[in-house]
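The next block holds one structure in the form of structure tokens; read it before the comments.
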Amino acid sequence: MGVCVTNIARTPESVVEGYQGAEVATIHEAQGRKGLLASYMKPIYTGVKIAGNAITVEVAPGDNWMLHVAVEQCQPGDILVVSPSSPCEDGYFGDLLATSLKARGVRGLIMDAGVRDTATLKEMGFPVWSKTVFAQGCVKETVGNVNIPIVCAGQLVNPGDLIVADEDGVVCVRRQEAEKVLETANKRTANEEAKRARFEAGELGLDIYNMRERLAAEGLVYVDQKDY
Amino acid sequence: MGVCVTNIARTPESVVEGYQGAEVATIHEAQGRKGLLASYMKPIYTGVKIAGNAITVEVAPGDNWMLHVAVEQCQPGDILVVSPSSPCEDGYFGDLLATSLKARGVRGLIMDAGVRDTATLKEMGFPVWSKTVFAQGCVKETVGNVNIPIVCAGQLVNPGDLIVADEDGVVCVRRQEAEKVLETANKRTANEEAKRARFEAGELGLDIYNMRERLAAEGLVYVDQKDY
Amino acid sequence: MGVCVTNIARTPESVVEGYQGAEVATIHEAQGRKGLLASYMKPIYTGVKIAGNAITVEVAPGDNWMLHVAVEQCQPGDILVVSPSSPCEDGYFGDLLATSLKARGVRGLIMDAGVRDTATLKEMGFPVWSKTVFAQGCVKETVGNVNIPIVCAGQLVNPGDLIVADEDGVVCVRRQEAEKVLETANKRTANEEAKRARFEAGELGLDIYNMRERLAAEGLVYVDQKDY
Amino acid sequence: MGVCVTNIARTPESVVEGYQGAEVATIHEAQGRKGLLASYMKPIYTGVKIAGNAITVEVAPGDNWMLHVAVEQCQPGDILVVSPSSPCEDGYFGDLLATSLKARGVRGLIMDAGVRDTATLKEMGFPVWSKTVFAQGCVKETVGNVNIPIVCAGQLVNPGDLIVADEDGVVCVRRQEAEKVLETANKRTANEEAKRARFEAGELGLDIYNMRERLAAEGLVYVDQKDY
Amino acid sequence: MGVCVTNIARTPESVVEGYQGAEVATIHEAQGRKGLLASYMKPIYTGVKIAGNAITVEVAPGDNWMLHVAVEQCQPGDILVVSPSSPCEDGYFGDLLATSLKARGVRGLIMDAGVRDTATLKEMGFPVWSKTVFAQGCVKETVGNVNIPIVCAGQLVNPGDLIVADEDGVVCVRRQEAEKVLETANKRTANEEAKRARFEAGELGLDIYNMRERLAAEGLVYVDQKDY
Amino acid sequence: MGVCVTNIARTPESVVEGYQGAEVATIHEAQGRKGLLASYMKPIYTGVKIAGNAITVEVAPGDNWMLHVAVEQCQPGDILVVSPSSPCEDGYFGDLLATSLKARGVRGLIMDAGVRDTATLKEMGFPVWSKTVFAQGCVKETVGNVNIPIVCAGQLVNPGDLIVADEDGVVCVRRQEAEKVLETANKRTANEEAKRARFEAGELGLDIYNMRERLAAEGLVYVDQKDY
């Protein structure tokens, strides 16, 4: 038994586009330090950043059958987010599935398991964040679920949530909060730019953030090494 | 006590050459999903692929003495496959040993432990797949074995077996099966090319592989999100 | 309560400079196979090598407040070495702190935890060796220590010790031993160059290092495969 | 900023009681193989089994302040379920907090981090399932959340969900499904008892489950070793 | 496609019995420090030791179908040794299968994956060494192999090889070497008893093993702390 | 080359004795949350607690020769603390060495690697905290160091430092601070006893520690679930 939920609500593309200018670290801060997938999720090649709507897939260990079901649910601008029902490193995904997703306008894959054909995926320009790279093939025997809420790399992801991934990792933003979070993230980015100029000019964080007094209050003392 | 087996039988170079066109993932499928080394075996630099005959080496933890014994057994087209007798991350291998192997026409190293001098190895163009990179040096005190069957990264490797390694990992093919597996792999590659064209044209795996009926039989149901 | 030790003794720049020509693996050998940080310390991008004086920082888990205190203690040629008081993967460090350190002439960061903004750090050319990359933000609530002896990635590091890092990892040299170790390392490098020429010419380690007799004494026997 | 949700809906005690007779493995099967927390969650001592309503707590890394907030929300029959906002092994919990929880009738703790004072916890008879045992203390500086949905050890847990833990691990049952799942679990347990008698009598699973024909259809062949 | 090899050759029970008095550590030494399974293989309860003939099983990840095939091949005195074709932690084995094996006189299970129902297994007195304990259930969809050579926890195990397991772990002895290894192990045990008496009497290993001269030759020096 | 430092300064037994009443968690807090060895250091059996002076040993990977050198340096009340120069899981220690140490009045072993003969060690009542249990034997070829400062499981340990180990783990106290830390630990224990009585009586930590105001100031809000 399994279910494939169709016609899911998505984050509007106008909002998604705005996320192209925001970094994963900033977005995570902007929504109150939440939504980050585990640090073991790594890009298979660097120099890429994607933002899009989550199509969620729950698969059995060593079984990638449901990926084919999920492909049909994808629209341009989507990102496939896949999680096995128990920990697995097998290679669920390779260049043929990537070709199929690319033909539908999908922007990338977030896979809490292994992927393969990585040299070809890089050539094709199909970005993937995964737990590992492993050539181990999968069977197609057990039905799973598409577009139900899943836990992927320690984070709850609902279908239609916004996914942003860059070299620092992957963050999930609730669809309902995507607009507000973007606004906060953009302010944060602007604020960081201002700070950067001051740091470049040699100002210290101790002064910029006015930390000295509070550090002393918390008990920080300075001692010359010759007196230590 | 240790043994170094000489004059081992090898896979004929005519067969080995054929493997240059086949990928690790495809070869592993072609031989019935077996022979893959563990996913922690990673190339120290990308963009390389090698195929060759295994010279096997069993070493003591933190002791790389036997590598020098093994070098003498190598012929052009060989690949050194090394496994410690208990788990170890030390740097068994660096640029001097690589220079020696390269002088003998060896194509690369598969090391279930650490290696070092990786920047130089990349410059030299000597490919290595290893468990980790670690500068820790080794002693030369304990005798091991060369060209006996070993377990490397979870996989049995016999001397003279065929080793293929690319960005997806490392696969071992039994010497006796190398010709047949290549044939199957080539057919598989050809078949994948045909499939790729259909995926590029937007056909779905659900239809190409005729999956819909069986999915329904296994209980997959489609539900519109507004009814879920 | 915490302490920031000021005016620490440093390795003279004349000595530090000399280390630019020595590799981590060689330095570690030159000082008797000691001083290597754990193999999980990886550069966030390749093709870099740094040498400099350690400014040490002990931070609370998930709390990067003390990094700002440490920045003020940095001089040109220093390297920041950071260790959490219990294991943590959070992203303690990003592009703003890197901008601040760069403005002070700091050469890089050694972080036994996570870092973020790695794409920008690479663009800026600010080298980092870390346990992982993770966008997870930190708080600024708990005081730690600057320039006390710390254990970083399994290795004791004193303020003012010499740190060298390249693609093979990170090594720490005691300030008091830095001059002598460099001398030994340079001899070792020269010796390796001589050896390399012989290996390139096809000589075997078995003969260069005169190993055959001792191997036989330790019980190594050669057996033709047909007799095995 | 943080929130503590009060007066949460709970699974009725009449249902919770029924779970005392069901095993974690059986419950997980009964609800369609879902709800299991990661296998690294281990009991600090064996010979215990608990069932109760989840009080959920999200804490900052290395900061156990919110546990005190959570204690006040606990009622007899509850189980505290705690997850740090990023991975952490620190000892969030010891005998004083256990004394406080015990005084309120709480049945145990599920901690996706470290705990300490384990010898005393065993003496007190306060059961804990945790990621590790670690004496490392926590600060009380950062506000988190109580009784919001959290991801604990890879599994979504809502406040008021049913938690069952035994030597095999921890399973979470949605509050709304708790009654139905118990019914299925009880049937499954009864069915297993019947099967057990047949296995004890020497019948084979091949016959009890009528597997022989399907195995042959899937290609299983029997070969005598002398012909293999 | 899969194969079940029948009528395998076994180690004679007269030899197997002899192993009841030998420890895993001693056996491993007696056969030249080989045959040990990885250190992550732990008993689910302590105070047990088993010795018997290996019935080997290769299973698909998350699929325990072949265990039922294997049960039929078991005879009194056998030990089931199971390895998944790619790494997996799922609970392949529980009390019903244990009941079936016990009814056939099987002495225990070596499982390079997860097991469940551990409280019941302990009650039943059915010993298991496994990679982990995890309640996650398996499917029965994919055929594997019985009684072919497998790699289990990093070690090659042939059907009919001798398996010995105690609190220190699991060791595999080749069937053909079982008699000779036992003899060596027994001598070793006797020798250790003699040594033990000398250690109890306060003699030092330095003297018993005559180490002082060789230590000095290798460069060991003694320095009083006040001169260090 | 290696050194064995003799006649080391020790913590006076009068102080060591006082630590029998203090727990590892309390001692770690009493000295400002420092000194804890990594959480992977586990007792091989439960129900024990030891305190004593550190005899430190640095060994090569897979080489336990120096343990015999160290034994001679031990006095009644000492604890052996061993660390390999690179990570290793081999079984450095078994019942014969334990017999030798016991004969000298040594209280236990702290081993940042593997140990074996654990069933016998438990019978003998010789307590060990180790990284793992592994039967893998060691060679005796490489000289290391005794009674120099070492890093063991992430913590600096000097010879003569005080080691305390219980079920929560292992803590190291500097010899020079041992008396003062004990005093603080004892006060802390007394204070905890007072707190325990209040918790048992049902008082809340929120009130005992007067947290409510500060929590509100930090932004904690209470919301009834029906309004959330």
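Letters are used for the chains, namely A, B, C, D, E and F, taken in the order the chains are written, and counting of residues starts over at 1 for each.
As a convention for this text, contacts are C-beta pairs under 8 Å (C-beta built on N, C-alpha and C of every residue); 3 or more make two chains touch, one makes a residue touch a chain.
Computed from a predicted structure; not experimentally measured.
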Shared interface partners, meaning chains that touch chain E and chain F: B, D
Steps needed, at fewest, to go from chain B to chain D via touching chains: 2
B-C against A-D, pair bridged by the larger set of C-beta contacts: B-C
Rounded Å distance between chain D and chain F, as computed from the means of their C-alpha atoms: 30
Separation of mean Cα positions, chain E and chain C [Å, integer]: 40
Per-residue multi-chain contacts in chain E, two or more chains: 1, 33, 36, 39, 85-87, 89, 134, 136, 142
Complete list of chain pairs which touch one another: A-B, A-C, A-D, A-E, B-C, B-E, B-F, C-D, C-F, D-E, D-F, E-F
Footprint of chain A on chain E - complex, ascending: 60-63, 85-90, 134, 136, 139, 141-142
Complex contact set, residues of chain E against chain B: 1, 32-34, 36, 38-39, 85-87, 149, 151, 154-156
In the complex with chain A, residue positions of chain B that touch it: 23-25, 28-29, 33, 36, 39, 42, 46-47, 166-169, 171, 192, 195-196, 199-206, 209, 211, 215, 218-226, 228
Touching residues on chain D, where the partner in the complex is chain F: 1-9, 65, 67-69, 71-72, 89, 91, 94-97, 99-100, 103-104, 114, 116-119, 132-137, 140, 142-143, 147, 159
